[in-house]
Amino acid sequence: MAGLTDPDLLFAPETRTLARALYAGVKDLPIVSPHGHTDPRWYALNEPFPDPAQLLIVPDHYIFRMLFSQGVRLEELGVPTLEWAPVETDGRTIWRRFAEHYYLFRSTPTRLWLDHVLEHLFGIDEPLDASTADRHYDMIAALLSRDDYRPRALFERFNIEVIATTEGALDDLKWHRMIRDSGWHGRVVTAYRPDAVVDPDFEGFLANLDRLGEITGCDTGSWAGYLEAHRRRRAYFKEFGATSSDHGHPTAETANLSGAAAEELFNRIRRGSEDERERKLFRAQMLTEMAKMSLDDRLVLQIHPGSWRNHSPAIFQKFGRDKGFDIPTRTDYVAALKPLLDCVGLERDLTVILFTLDETSYARELAPLAGVYPALRLGPAWWFHDSPEGMRRFREMTTETAGFYNTVGFNDDTRAFPSIPARHDVARRVDCAFLARLVAEHRLREEEAHELAGELAYTLAKRAYRL
Amino acid sequence: MAGLTDPDLLFAPETRTLARALYAGVKDLPIVSPHGHTDPRWYALNEPFPDPAQLLIVPDHYIFRMLFSQGVRLEELGVPTLEWAPVETDGRTIWRRFAEHYYLFRSTPTRLWLDHVLEHLFGIDEPLDASTADRHYDMIAALLSRDDYRPRALFERFNIEVIATTEGALDDLKWHRMIRDSGWHGRVVTAYRPDAVVDPDFEGFLANLDRLGEITGCDTGSWAGYLEAHRRRRAYFKEFGATSSDHGHPTAETANLSGAAAEELFNRIRRGSEDERERKLFRAQMLTEMAKMSLDDRLVLQIHPGSWRNHSPAIFQKFGRDKGFDIPTRTDYVAALKPLLDCVGLERDLTVILFTLDETSYARELAPLAGVYPALRLGPAWWFHDSPEGMRRFREMTTETAGFYNTVGFNDDTRAFPSIPARHDVARRVDCAFLARLVAEHRLREEEAHELAGELAYTLAKRAYRL
Amino acid sequence: MAGLTDPDLLFAPETRTLARALYAGVKDLPIVSPHGHTDPRWYALNEPFPDPAQLLIVPDHYIFRMLFSQGVRLEELGVPTLEWAPVETDGRTIWRRFAEHYYLFRSTPTRLWLDHVLEHLFGIDEPLDASTADRHYDMIAALLSRDDYRPRALFERFNIEVIATTEGALDDLKWHRMIRDSGWHGRVVTAYRPDAVVDPDFEGFLANLDRLGEITGCDTGSWAGYLEAHRRRRAYFKEFGATSSDHGHPTAETANLSGAAAEELFNRIRRGSEDERERKLFRAQMLTEMAKMSLDDRLVLQIHPGSWRNHSPAIFQKFGRDKGFDIPTRTDYVAALKPLLDCVGLERDLTVILFTLDETSYARELAPLAGVYPALRLGPAWWFHDSPEGMRRFREMTTETAGFYNTVGFNDDTRAFPSIPARHDVARRVDCAFLARLVAEHRLREEEAHELAGELAYTLAKRAYRL
């Protein structure tokens, strides 16, 4: 192959011809990005991106966790500490450190994404290593200073039809307002992420409830007022394009308490109950409350459970959240979701999208559940599993029971804006390779595979997320 | 490919030639169906099958659960409610609804099975969709009215050497008696399924015990009489060809109580104990009791654990059991089976066949257990996993530790009689493809693969089930 | 193929050319065997090996468990009972029994290993079965009597650069001393396995502590003296080349008690506490204590959790340990290791190597943990999973998150000395086939694959184990 990414990337030799043909039909489809974490400020202000290291290395937990695992300190990579202890600030130095260790990423998705970015965004065709680090750095830095590398220009170049960001329930959405008021035609929507006001373990939870009351003019000292405040925030988020809410609970546990019991639980929580079971039950109940609100306002409800956040207290204390120390855990869905499903699972106008970090649930629990409950759909392979093998396992373990049409296409789920085309490209390639295999084994007709390739790359996401 | 099913179905291009050769050696072997749920009444009365929808759609939970998941109501598919609320009764309308949604089944086993039935049983070579629905319906309906499409004719055409049905312990086996008395040479045997008289949570359990006493003339008010009643029923089932019993418990839990403790537990259960632990313990103990009876009467004991039955109470209340809402759960075997294995696991004349809905147990628990305990064998990939990927995973995850000879061939496990040849065909193809891969990688010699293909398709089932 | 093992063994046809090329670069690399159970007495005394059955069948639990599962009694295979009841002693008879049942091992790793041994060590090219059993037996027996088939000659012929054995903490290492004093240049090192003096459930635990005190001159009646005794034994083992310790706990549970709490716990345990939670907690605490000692003496710490030892009490009572009745169990790492990781997980000079018998932990827990904690590395696919499919799953499920460089190459983990080259050969082939697939799909450049093949076959093991 010439360059960094082969045109046949991810296509098995034995089914390559068909995979190529399927991919040719979808590679230029617009990007629908219904779930992600890019910063709306970028699109609002449209300022140039910072230096290559600040853009591509420092904020990427996939990258710094791997280097950290091999003995590089986070400070050496410019990752800021909570107390602003001195860390490396020279972009070129950070970039060189990364380049020296780039071999660590062999056969990881980070490697695929970054090679794609280097070649397709920055026109680089030499492999990154210590010897090429400076040359690459200079090329990227030069391009980042150009107007056609500003956020909105890239958004358009990337052919993004719509992208969702994620904002907390207390966010004023000012960047979204600025985008809307700017007259720019790029479609950037928000999503409602209320963890800070539904999870009693969240930092500052009680103060957050007070703040929620101030923002909405509701009495968040009462259960009714608290629910009403959610309704108003959801409506406010919908004004800025939101079509979904998102919930990142430690488990998939749900509850279906009576109104009176829920109110009493809220009252105890509101008074600062330290009872771990009550706090857990409240989170569980709130998933069901959110689902009930979705019946009215039609927001799609996303559940992202099963991450043990901030596993290392030493790292958490020094560097804070999202530093690569979120570890997947075993996750049950069959018992955990039953209360929510008993309440709203048979609703045909509700969409609840389930994600997992526990692949053992794909064939055993998630596909059987989504293959019968009308309200359920399966989100794509998530986080550590958003990788060629991970996506292949997702299809192999869900399709035979849930089919393709109970899945929702691809989520890039990223804050790494430059990598968005790479991520969608990898997903499209993996799906085309999977479909090619089915056709080669006569499990699917070729024309069906072409139709499905388009569904998986584009249509299912639009439909499931109501975009 | 011409028609609906390619001659190379399920053969990977890179090992196709050998897979074909292996398959050629087994495709015409008689069908041994040692575990299933067809209705013995069919073979007894030999009446024509009903209309295409009543035969192929309405009773098939794989089909209606998928359509339900995408918003079709069960009533629209003719699924009867418990209270006989009006549901669609027009076969053609139901068939059309199904045809419009047939694309949902892409890459599911239902699609493979149904395409096989359409082509090989009904001579159809056009894909099913809304545009062909009526034509297909007419063709099928016309054939179903012919004598050579009656149950016994199909049984013979399907080349079924022996088929097992499953009857409850209280069944009088009158259809089996009628088959036997009819002089027809088709071999239809029963299997002993005592869930209704061993599971205290079964509907009408205590009345069932009374009835068991009446039927057998035993005092089912006493532990000794209750056990004797089982022995007599097992003997009765054996008169109608039974070579196996079958047990569908929520978990694989077993117990090995002393005679006195078991008797005391029975007495409490017999008096209607509501203690959940006692009820569970009784089920667990009864698996061991059944195994001990098998030592005497040589019935093969099958354990089918791990399904959370009737997950949706709303559906259960309206439509009853078996409506697609049985969801697999995580299942332990290592601790759960220990009491039974401590009691009878080393017996070389006992056969206990283990099934699972939790594929994580294949390599971790089931293969290591079956690879050492003489009494244990592994049943094939079951239910949601009776699919090409599911069967491949079963072989990949069990063979290296348990070998092929601790497995028992294929079970179709179906009440969908017309699909039986399709199901065995898929299983034979998947196994031949798996064996071809082993030969291609020089892990097996070609002559061994031919021998194994026959074992997996035919001999292992006969031997394991003593048929 | 001519002979028993094809030159293309384990290479998929579609990527064979590249796999061959990669394999050519590593097949003759020296063997580094950093974890195993060969008997140091062999290398010390250099006596001829016993007859073929005593060498290859009787001590191999992979072999006798499979035959036992199919009805052969252990006595018939010469497996000694604890009370020295009569068992088969005639090597030829045992060998014939094995040969008659050799078909049971089709598609198991035992078959691959043994065919390799037969062909490459004993020059046999006919498949083993009842008809060839005697001929094979005679050939093997004749060779075993030759000087160039004695342990040291084979060690050299096998091109073993270094091999680790495993000795209990109370072992006097006399065979290691004899090897060292003999002037032979073969590098045989020990490893520190303290289960008998850290696990209160171990047979004779309290007496073992007394003995530990005598050996070391430490007061093992006190916590401080007990810890000091460990330090001295570790230092002693290091004199005989040890670079690692090894810990075979039922679970991965660790603890991180304060010094005072640990001391108090030790005192209760030392007085013979029967409290199961305390005994468990002590084992858990001792893993952390060992890790802290590793910070000082740099022994690599290996954790081998999750085996339910001696599952059948009847077999255990009659035949003792290691009779094929060790069954894997579900194993948690995320919560279990947290206390140890909180204590030492961020240390860059510590190496803790994690093994698992629960493959569900690969992608969900182990790769995410090893992909961020500097102290963690992943051991290779272990025990039942040390097989082509098992090793492939290991790579597929760990590489995308942990990369290759957080793994430690291959362990043969065997007491079956003649099979060591076969085991390393299978591992090298599986890794080369995996890498070839990555190159064929353009996920890796060819020169990277060559470099990685060498790392996986040789360098990673040396580096991780500090050999």
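Going by the order they are written in, the chains are A, B and C; count residues from 1 in each one.
Keep in mind that, in the parts below, contacts are C-beta pairs under 8 Å (C-beta built on N, C-alpha and C of every residue); 3 or more make two chains touch, one makes a residue touch a chain.
Heads up on the chains, UniProt names are A, B, C = Uronate isomerase.
This one's a predicted model, so the numbers in the text were calculated from it and none came from an experiment.
Copies subunit A and subunit C of the same chain sequence form an interface built mainly from non-equivalent positions, shared numbers / all numbers used being under half. Rotation angle relating subunit A to subunit B: 120°, from a CA superposition, given to the nearest 5. Taking the mean of the C-alpha atoms as each chain's centre, subunit A and subunit C sit 40 Å apart. In subunit C, the positions touching at least two other chains are 14, 360. Listing the residues of subunit A that touch subunit C in their complex gives 1, 5-6, 8-14, 65-66, 68-71, 103-109, 111-112, 127, 308, 311-315, 324-325, 327-330, 357-360, 384-385, 387-390. Note for the complex: subunit C touches subunit A at residues 14-15, 332, 334-335, 338, 341-342, 345-346, 348, 360, 363-365, 367-374, 376, 396-397, 399-406, 438, 440-445, 448, 452.
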